[in-house]
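Everything on this sheet refers to the single structure shown next.
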Amino acid sequence: MTLITEMRTLLTVITEAAVEELLVRDLDKLGVHAYTVSDARGRGSRGVRDATWKEVGNIRIEIICSRPLAEAALLHIQTRYFDNYAMVAYLHDVEILRPEKF
Amino acid sequence: MTLITEMRTLLTVITEAAVEELLVRDLDKLGVHAYTVSDARGRGSRGVRDATWKEVGNIRIEIICSRPLAEAALLHIQTRYFDNYAMVAYLHDVEILRPEKF
Amino acid sequence: MTLITEMRTLLTVITEAAVEELLVRDLDKLGVHAYTVSDARGRGSRGVRDATWKEVGNIRIEIICSRPLAEAALLHIQTRYFDNYAMVAYLHDVEILRPEKF
């Protein structure tokens, strides 16, 4: 038995927990019907001189899909969410099995 | 001092929490003796018309190892688990230090 | 509207929860002012014959930044932490939007 993998795109979105339901409904309309979500904390400082760190409750949403769908989702996120929510989103390629599932 | 990295493969498995012990025992036999596990939630919809979302308790298992070992592990997972458990597995390359550890 | 992405480097550090504050202060001095942290468990066995598994409370710290900054951070981590703490660190490229933020 040999291992035959195919490439898909992993889209990761790290954002405020409050955005989850809204974002997921939008993604569903674009064709993203399954994802993994986990809890995270976002932290940032105002630079070395200001030792104050803010910590906020975040979620990480991960979606494996085709490159075109990942781009459509990211474009939508950029247009709809980036101005109003704390959000980081990034893409990279992964190798998967069972390509018909993604 | 310069930074000399080497490539290894990161294998990520997202699956039902109940599978952890079984899977880890199998991976250990294949030669995977260390891994990181974290909690996640898997969600999926039945499409836009049916607004019902299922949410299930998942775990994410991450293993950094050589490409051949990652492929052997993935092949085993495919053969042994894919038919009976909700499971997503994917590979991608990462750069690491201290290659003797992986 | 088109999607124009740029490459950045994702640095992931998995280590003991107790190191977080120390590490973050060091990273801040190097120029890393924002990151995501999540909880994880590290597990390892002593090999197939010894069925005893150790499980430890870990954190995963993720930083998206330029390649030079990721290398500087990884080099610092290697020099300062690898001998004294249980720590795994790895790099890989990701595509991001809003490059001015990273």
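Letters are used for the chains, namely A, B and C, taken in the order the chains are written, and counting of residues starts over at 1 for each.
Everything below uses one rule, namely that a contact is a pair of C-beta atoms (placed from the backbone, for glycine too) under 8 Å apart; a residue touches a chain by one contact, two chains touch by 3 or more.
Note that the structure is a prediction, hence the values are computed from the model and not measured.
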item: Magnitude of the superposing rotation for subunit A and subunit C (Cα, nearest 5°); value: 120
item: Proportion of interface numbers common to subunit A and subunit B (over half same, under half different); value: different
item: Rounded Å distance between subunit A and subunit B, as computed from the means of their C-alpha atoms; value: 18
item: Sequence positions of subunit A contacting 2 or more other chains; value: 38-39, 92
item: Complex interface listing, subunit A residues touching subunit B; value: 1-3, 5, 8, 10, 24, 28-29, 33-39, 64, 92-98, 101
item: Residues on subunit B engaged by subunit A in the complex (per definition of touch); value: 12, 14, 38-48, 53, 58, 60, 71, 74-75, 78-79, 82, 88-92
